[in-house]
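Below are two complexes that have chain A in common, paired first with chain B and then with chain C.
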Partner chain A sequence: MSSDRVVVVGGGPGGIEAARGVAGLGLEVTIVEKLERLGGTPISENYAALTPNFEDAEAAMDRMIEAMLALPGVDVRTSSTVSACEGESGDFKVTISGAAGDETIDAGAVILATGFQHFDPGRETQMYGYYEHPDVIALQDLEAMLKDHNVVRPSNGEAPKRVCFVQCVGSRDRHIGNEYCSKVCCGVASKEAIEIRKLLPDCKVFIFYIDMRMYGYWENQIYWPAQEEHHVQYVKGIITEVLKKDGRLLVRGEDTTMGRPMEVLMDLVVLSVGMEPSRGTREMAGVLGIQQNKYGFIEAANPPLDTVTTSREGIYACGAALGPADLEDTISSAGAAAMKAVSLLRSGKTAAASS
Partner chain B sequence: MSQTGALYKAEAVAGYADVPLEEKQRLFDEVKADMRFPDYIYGCYECGICVAVCPSARFYDFSPRRIAQAVAREDAELVYQQMQEDIWECSQCFSCLRCPRGNNPGGIITIMREVSINNGLASAREALEGYTRIIYKIMSTGTQVSPDMLQPDAFPDWGPEVKDVSDKLELWRRALPPETHHTTTTGWEVSDKTLVELYLIWHKTGALKMIEEVDEGLHMILEEVMEERLEEEGIEV
Partner chain C sequence: MPTGGKKNPVESFEHETVTVKSTISGRDWELPGMWNRMFEQRVIFDYDTAVMEKIVELEGGESLDWCYGCGKCIPVCPVDIVGEYGPRKVHRKVQTGVDLFNDPDLWLCTTCMNCLRVCPKEVDMIQIMPAVREVAVSEGNVPSELQDVFQNTFRYGNALGESPRKRHAWTKGAGVDVKVLPSDPSPVDVLFYVEDYWSYHPRGHDAAQACARIFAALGIDYGILGPEEKTLGDSQRLAGEKGLFEALMEDVVATLDKYEFKRIVTPDPHGFNALVKVYPTYGHEYEVLHYTQLLAPLVDKIEWKSEANYKVTFHDPCYLGRHNGEYDAPRTLLQAIPGVELVEMGRCRENGYCCGGGGGAMWLDSFTGNHTVERLSERRVKEAAEAGADVLAVCCPYEVSRFEDAAKSTGNETLLVKDIVELMDEAMGNGSQA
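And then the complex of A and B:
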């Protein structure tokens, strides 16, 4: 018994775009989201504005959701998870677990869009004192403050006079095991740096980096304006440790291009944490029986020319479930996953159709 | 820790007096206030391409990148240190315009030099000390090097031929085809009109005033020469 329905797991930007794509191509789609609200990490982690265009994150996500709901054949299941997926391409039995219990539905294909989670800066070592010093925060903590238009030192509620970002926290590190670049943190940190400079014009903002990775247009959408118009100071050299001193934070590192060690006081230290596969991505890899790479992200079967097909026929993945991805990547791969899922179901060449 | 954006206090460097941070900031503000400044520094990648193309960097401990970085980072301490040292090692060839960001480290140095001179910094005096004769010549006559400067004692490294030439200087000069080169006290014949115009330019642009900051004696001589000539023309300055 073949089904033309596609199940999308995950209600963030990737999942919403994949569901929009499937519905737009005329098939029925069920989108399953663990949380009560659609919108994914930009909403659940309180993002203020999207990178690179500074659009209000909540408004942008609501616009996507609205466009998806306006299409026929979209079935939304919030506060729900996928707990089983039996069968084969063209004829999957997908069990959705929600508050009302389990329900098994027919689906021809599945798209996984369960995304990433922010690296926990205390996971391996505590060298930056994330759990020790209240004034050491992470990118998403600053997003929440920016959303409230109130950037302060958590220790005393005062506006900071000197803020620094530490790049590549939890990325590009053999000890931690995350050897990859998380792609977005350079842009996000620069975007947040601009927002701080706008909000607190007297506050000096520094970014300590290994190398700035501002892909494509991000270069002069975020990086150049941060440096040239907002006078954010970029210093090539990574911080080794953060120490408490006289009620402030002493950061130690090397100013490599000036060729000298540095010890500078900061009021607020922002850790530019990278991406790791979300709990949902790890769990769903097991539920769906699809291969993960050594970092836990979903393994694309035939890269680079097919980025969304997984190891199990009829199951596709998109966005940051596949590895670090910015919104532009996520939306693009979500469209590709929707197109491939619909193509498969329309081709009449699913495993179910051939048996 | 300074609040000016400086990450460090510059190392104490022998050879020039340290001044309070406020004074360093004032000098840096004067550099930034120059109308050319915004076109000379955008943001610095710290990529080093300006050092790679810089002829001075091959011979001195000099880096146009550090100049661009210091001003981009608004590090008044370091800018001051550079105004006392580094900027005089630049040959102003502007090869550093190769910068992919469109920065002009050589241009920043031009401004830093002018501010150094206008404020009578020790480094400016020292750097221009050896050029007294040249400055006098160019500002009083409008030509840089004159044939009568070719004396064996002045340029011993030029070899024995200099003596032969200087002994019969007028003859040698008259052998040159252009009549305007039949001169010995100037590089070529400078017309009265040109000289008056040059004197006016030195006055109006503040170039004469710059000389006053670095060499008072030279300034007095130049002023006398110029004012006398301008007076003859009935021009008041």
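And then the complex of A and C:
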């Protein structure tokens, strides 16, 4: 028996947009979210404002959720996970596990939108002392402070006078195994740098980078204003290690364009951590039986011209489950996944229909 | 492990020598300080942002921290080719806490504008340098040779410290009458603003006299201000003496108000720049031409008497070319002269190489010499010689003396340096060398 329902796994921006797309095209959709609340990483990791437009993250997500719920045929399952997916395209039996137990529903297609997780900077060979020094934090830790409008040194609760960002933590690193660029961290760090400068005008902010990777309009939406209007100081050269000194943090690296070593004291060090596949992405790859690439992200079947089709017919993926993606990428690929899922079900060419 | 925390000022040993035992001969070698840089502090201990903040707060200094380090400016900076200086490097040094207000780098920029031409972020050294220099000047941090020029200008109204009464002494050798407006204040078409170097420098006299003969031959109705003329002071402004520039402007405007004329013509691209770009911002608008722009439309009326058989290359003055967009008028004149074969140097027109005299650098030759391996003028003269030219033609009064000195010091004595009017005068048969 064929089903026209689409199951979307993951209730972040990608999942919400995919569900909205499917419902908007007139099919029924079930969106499954592991956490109690929809909204995904921007909500669960306490993002303050979105990159690049500084919109309040919570308000933006709520706006998306409202638009989705306003459509007919949207079934929301929070505090739930997908634990099994049997069958074939057009006729999947998807088991949803929630507090009330397991329920198996019929679905014609599945869209995976389980996203990424922040690289754990305490892992492996990094020498930034993320777990040793309270004043070494990561991008999302700063987001949480920005959301509270209270940026302080965790060690003593005082406002920092000097903050630096260290780019490419957990990205572009053969040693760690993440050879890819995480795409968003240059922009997010610059956005947060602007927010610090606005919140604490006396605080000096530095960004230590290998090369600034600002895609498209982010260049003049974030990078140039950070430099030209907010006087964030960009220094080419990455930090090798962070040491404790006199109650502050000594960052050591090379100032590459001066060709000299540097050892500069900071009050707060923000690690611009990259993206790794989320636990949900890794687990769901197994549950759904779809191929992952060497980094654990979902492998797109035929890139670059088809970025959302996975190795199993009828199952699509979108957003950062496919690899590093900013919000714009995520929203675009979610739309593409919804379109492909609905096309498949409307075409009558599913495996179930052909058998 | 080295420790940090306090900014240790960099100690320079540049002017000292060091004795090193040769590993080959065993002899002691005296090495100059430039080999001694390895003993400078290597580690950067601080990024003191105070200087950068001070600069970007200045009117004109805003764009210094716009630099994103692409380095496009470096290969076109005329100074970096002969010394360790370039706009990107200035940005980086200031970012590391170097006090530009007290640094030699502040005086090396010639404001030639080639960096701005290629800068994707529009970091504007033409605004930044005068703004920072103005502060340095007000704090008394000025190289002494430049300070002397400021004083001369203030006292005598010209950079050379000459008597205003001698300002039109050159007219005596012109062989034609030159109307001096204070003696004959009747209206003229052209007010010829001679400026300092044609008024006082012996080689400037040659050009001024040639120009007077050409004007006479073409029947141009003009007059000069003679003893009442003061420099327009654009290079003094760019060297940081905005106050002096403004004081001069008051005097100049008062003098100009006394006479009736339709337009101002000047041989000096620096004065031209002041009148065209800066005076209007103070509400003083005049019709202004560089002499090449006055003469270029008139070439068909010139009766040539002889040929000037030279292979000529032309040096674009930064303040006529890049700053004000005039590349064709000088070439029109040169190509009209019978016998002249015009050959271009590799760096010409928009990418013309600076003679080293702009932005006050005209008066910093000793200072700049201590920070560069070669004069910019020497570099340029070599390029002219490489182009196979017999004559290096110029149309900026700073350049004849600069390039003649450079031709001698680089062993290119056979290369003649001539103002375009001298070449024209020669072919018109009324020149001293005709």
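Here is the rule we go by: the second predicted complex is superposed on the first by the 354 of 355 C-alpha atoms of A that agree within 3 Å, B and C clash if a C-alpha of one lies under 4 Å from a C-alpha of the other, contacts with A are read in each partner's own complex, and residues count from 1 in each chain.
One rule holds in what follows: contacts are C-beta pairs under 8 Å (C-beta built on N, C-alpha and C of every residue); 3 or more make two chains touch, one makes a residue touch a chain.
Note that the structure is predicted; figures quoted are calculated from it, not measured.
Student: Specify the outcome, clash or fit, for chain B and chain C once both structures are aligned onto chain A.
Tutor: clash
Student: Between chain B (first) and chain C (second), which does A:Ile210 come into contact with in this model arrangement: first, second, both, or neither?
Tutor: After superposing on A, A:Ile210 lies clear of both chain B and chain C.
Student: Now for A:Lys245: first (chain B), second (chain C), both, or neither, which partner does it touch?
Tutor: Once the two structures are laid over each other on A, A:Lys245 reaches chain C alone.
Student: Between chain B (first) and chain C (second), which does A:Glu228 come into contact with in this model arrangement: first, second, both, or neither?
Tutor: So A:Glu228 meets both chain B and chain C here.
Student: Regarding the shared-chain residue A:Ile176, is it in contact with chain B (first), chain C (second), both, or neither?
Tutor: Touch status of A:Ile176: no partner.
Student: When the two structures are laid over each other on chain A, which of chain B and chain C touches more residues of chain A?
Tutor: C
Student: Which parts of chain A are in contact with chain B and also with chain C?
Tutor: Dual-contact residues (chain A): 204, 223-224, 227-228, 231, 233-236, 255, 257-258, 260, 262, 264-265.
Student: Mind listing the chain B positions that touch chain A in their complex?
Tutor: The contact residues of chain B facing chain A are 1, 3, 5, 7-8, 42-44, 46, 48, 65-66, 69, 72-74, 101.
Student: Taking the complex as given, what residues does chain C use to touch chain A?
Tutor: 1-5, 42-47, 49, 52-53, 56, 63, 65-66, 68-69, 88, 92-93, 95-96, 121
Student: Using the touch definition up top, name the residues of chain A that touch chain C in the complex.
Tutor: 204, 206, 212, 223-224, 227-228, 231, 233-236, 243, 245-246, 250, 255, 257-258, 260-265
Student: Report the residues of chain A in contact with chain B in the complex, numbered from low to high.
Tutor: Against chain B, chain A makes touches at 161, 204, 223-224, 227-228, 231, 233-236, 255, 257-258, 260, 262, 264-265.
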